[in-house]
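Here come two complexes built around subunit A, the first alongside subunit B, the second alongside subunit C.
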Partner chain A sequence: MIAARLAGLGWTVGGIGGVLAMLEALGAMGALPQSVPAPSAVAVQFVQDRAALAHHLAPTLRAAVIGWLAAVALAIAMAGVALLVRGAEGVLYNFAVGVNAIPLIAAAPILVVWFGTGPETRVIVAALASFFPVLVGAIQGLRAVDRSHRELFHVLAAGRIDRLRLLELPGALPYLFAGLKISAAGAVLGAIVSEWVGADRGLGMMMAYALFSFNVPQVWMCMAVSVVLALGAYGLMGGLEARVVRWSPPDGTGPGDSAP
Partner chain B sequence: MTRGGTGELPVWAGVALRGVASIVVFAVAFALLWQGAVWALAMPPYLMPTPLDAAGALVGQGDKILANALFTLAEAGVGLIVAAALAVVLGGLFVASPAAHRLAFPWAVALRSVPVVAIAPIVTLMVGRGFWAGVTVVVLAAFFPILVNCMRGYVSLPRGALEMMHVLDARPAEVLWYVRLPYAVGFVFSGLRTAAPIAILGAMLSEWLTGNRGLGYLILDSAALRELDLLWAAIVVSMLLGLLIFWTTATLEGALRRV
Partner chain C sequence: MPDADAPSPVPPARQGDTKRSEQAAGDPSGGLAVRGLSVTFRLKRETVTALDGVDLDLPASGFAAVIGPSGCGKSTLLRVVADIVAPSAGTVSLGGVTPAALRRAQRIGFVFQSPTLLPWRTVRENIRLPMALNRAGTKPSQTPDDLIRLVGLEGFENALPDQLSGGMQQRVSIARSLALDPEVLLLDEPFGALDEITRQRMNLELLRIWSESRRTALLVTHSIAEAVFMADRVFVMSPRPGRIREVLDIPLDRPRRLSMMSEPAFVEAVNAVRSALFGADGSPEAGPEAGYDG
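This part shows the complex of A and B:
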């Protein structure tokens, strides 16, 4: 199992390294199109721009984290209500589907009209982008308790608290984490997109300006940073999951295990 | 697969009718909610227009909205068709050759984990600002869900069909043409159904950056100029566009499954 995973990792790392080396060689020969920089040029740009990058990253990350935390808190609270109040689940679920049906592309300009291009808009867009997966994961998870386990708890005359603590919450965790992983990446991307509508600073702004001034290495650098951020947020949740959900099979066949 | 219970109507027509009905119900409910929100929150018109204002803009600036909507729809449509064609060919290759699968499939997965937000600026750099930038973003965003479905379609065949072809001594190409492709069609369309909303969103997102034409550009522009009637009209049209393309693919899927 571990050997297979290592082999897979080797293929991935080797593949990425191979492509980077090929791009670098092409760049050295001058065979790359104008819009594709050599990887070393992107690295140089990264070192040059590190102060500006930090300046732009701070508000984006802050908006993503605050929006994500708000969305997670709201989604878990709603799932708790759905668990405790009979019949609330359908209503909440429909509400969530409605929220999810609002395209971010439509919501962001409206929010800019209402709140301006300040941090509020970015936080709300990040929250909108991360709310739905968490709620679906939480509700699905609380619903996913095995019938025979439920019967066992019934036979053992377990109380409501014990049932929640020992049966329902642990059973929900893998599903919840599937939602948390997707939404963590979503929050980062939501914050970036909202900056395209207008912001004074932020990674999305930096990306757009680099594009408009045709600073090719800077566009690629911003892209690489945003991909690393999104995958990093996803991976952070994955790491947390591996520490918390120890009983889940380690081969990644848990429910909804997929990249963002 | 089975005949519909609705008398004379074929199944796909039922699906189409239900699609139209659901769009109408959605639009009416949306307008009522919207008007209710404006009244309940006492929203001034410089923050939120009423549905009637937006309808006025829809009629008054109809040709502007229509031209931009058609541009976005064309980007999404062409992108979806190209993505489906690529998925059918590459999916067949991946199913037929384990080596190709091993070599190229991880790249398809990697492509999928690069978000559209990050791809769009690069595509704009490489393709330039215009129609084809939108199409390229749509292809990149829509390719993976269609590919996965398509590959599942090629593989999940009834055993009997393959055995029958074996008995008939069919060549691999004939198996592909007579068995695998017909069975994959339904799967391709369910992939298209998943990809359709992504396609509209991807096209509009790329228009935010290219900023020439299209519904995404119109939304951003009218927001910047505080033409709120036009903004809301364009947003409603973009939602209807998403529903329209979703139900078109669903209806086509139903019609093809009947054949």
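This part shows the complex of A and C:
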């Protein structure tokens, strides 16, 4: 399995390297359109902008992490209520589907009007972008207990707390992690969207400025950085999952799938 | 009803375990007594009668088997005794108390058809699970490691269930069922999913484990040979609605050995169970697997 994963990683790195090399060659021949810079120009831009990038990256990362943590806490609490309170699941689910259906690109300007261009708006949009996958994962996971395990705990006369602690929560982890991985990447992208719309600082704002000043390599550089951030967040969760969930659940949403 | 003159299936007094023998020794009501048990299920508009007027007696620390065609309600019978399913009519008494009371006291050992292990807990942690849930405050007579030795899984204490074969997983499940010194051991076709050779070996293991702990044991099976080989008393059930068609006491000595399967007494008992299941003329209408589900 490790060999297969290394091979997969090799193919991924090789494939990206190949595309970059091809783009570089095309750029040297002058065959690229104006909107696509040669990879080397993006790399040069990265080195030039590194101080500015650090300045803009910090608030984006902070907003993504805070927003994500808030969303995870709220989603897990709601999943707990959905499990323990009869009839709550449908209501909470509908609410969550509604929240998830809000177009962030339209909501962000309104939030800017309400909360200003400071960190609050970024945090809220990051939370909105990461809330739903965690809730779905947590609710499905807590419900995923099979009948024979339920009967086992019944025969053993387990109390409600013990059933939650020893059966439902551990069983929910693979599902929860599926949601955490998706939402970690979503939080980064949510923070960037929010900054794009209006912020005093941030990677999204840097991206917007680069776009409006026709600095094509800088736009691509920002894009590349945000891709790396989102993948990194996903990978971090995958790594955590591999450490926490050491068993493979019957439906295969487990450690084997955790590689980004 | 079992014949009062039948050879007593009560085995010799159990060793050790003074606490249990105090309350159950010599007590004729110490075993399992089922009276007029009926269970009906409502499936959409239909009412299905799973069990109809079942009477059953098993002396304390005896080993009984329930055999019948698929869908005859034998698993339901076991589930009523374990307080998983509520009876529609009739009573069940386990050493004088109801299944619900015995379950709440955490004195029922149940082995499911599938091992039903928690995949995130190691072998030892799975066996320890009932102890982690122990609210009665009883002190188990055996530690998890004692139980691991009992079922022959030394060296696999820290393995996860995924890493074990089906037979080994079911051993873990048996060890778990014994963790809190149950008053009664209920086994729902525990080796049905195993191959014939493993199954035979597991049956011998189970008898050895049972002879060391001497719990009242009730085994549900659809193998005639298994029922006769394992039990002192075999309850033969009719197809749906489930009724006890015949009660047969098995006059074989303990410990049971595989070589006994060629003895005349064994063959006779097997024939008796077979004719109870299929009728004297051997017509297949009531044979095992006549229904659809287990």
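Things worth noting here:
Everything below uses one rule, namely that the second predicted complex is superposed on the first by the 242 of 260 C-alpha atoms of A that agree within 3 Å, B and C clash if a C-alpha of one lies under 4 Å from a C-alpha of the other, contacts with A are read in each partner's own complex, and residues count from 1 in each chain.
Heads up, the rule we're going with is that a contact is a pair of C-beta atoms (placed from the backbone, for glycine too) under 8 Å apart; a residue touches a chain by one contact, two chains touch by 3 or more.
These numbers were taken from a predicted model, which means no experiment stands behind them.
Three-chain overlay on subunit A, with subunit B and subunit C fitting side by side and no clash.
Subunit B and subunit C, viewed from the C-alpha centre of subunit A in the overlaid structures, lie at an angle of 100 degrees when rounded to the nearest 10.
Note on subunit A: of its two partners subunit C and subunit B, the one contacting more of its residues is B. Once the two complexes are overlaid on the shared chain, A:Val113 sits against subunit B while remaining clear of subunit C. Within the superposed three-chain model, A:Ala52 lies out of touch with both subunit B and subunit C [touch as defined at top]. Applying the stated contact rule after C-alpha superposition, one finds that A:Leu6 touches neither subunit B nor subunit C. When the two structures are aligned on the shared chain, A:Ala21 is found in touch with neither subunit B nor subunit C. Looking at the shared chain after the overlay, A:Pro103 reaches subunit B, while subunit C stays out of its contact range.
In the superposition on chain A, A:Leu231 makes contact with subunit B only, not with subunit C. Across the superposed structures, the minimum distance from subunit B to subunit C, using CA atoms, reads 22 Å.
Put simply, subunit A uses no single residue to touch subunit B in one complex and subunit C in the other. Of all residues in subunit A, those touching subunit C in their complex are 148-149, 151-159, 162, 166-167, 170-171, 173, 245-249. Interface residues of subunit B, counted against subunit A in their complex, comprise 47, 102, 106-107, 109, 112-115, 117-119, 121-122, 124-126, 201, 204-205, 208-209, 216, 219-220, 222-224, 226, 228, 231-232, 235, 238-239, 242. Against subunit B, in their complex, subunit A makes its touches with residues 11-12, 15, 33, 35-36, 101, 103-106, 109-110, 112-114, 185, 189, 192-193, 196-198, 204, 207-208, 210-211, 214, 216, 219-220, 222-223, 226-227, 230-231, 259-260. Of all residues in subunit C, only 82-84, 103-106, 108, 110, 112-114, 116, 118-120, 129-130, 132-133, 135, 160-162 touch subunit A in the complex they form.
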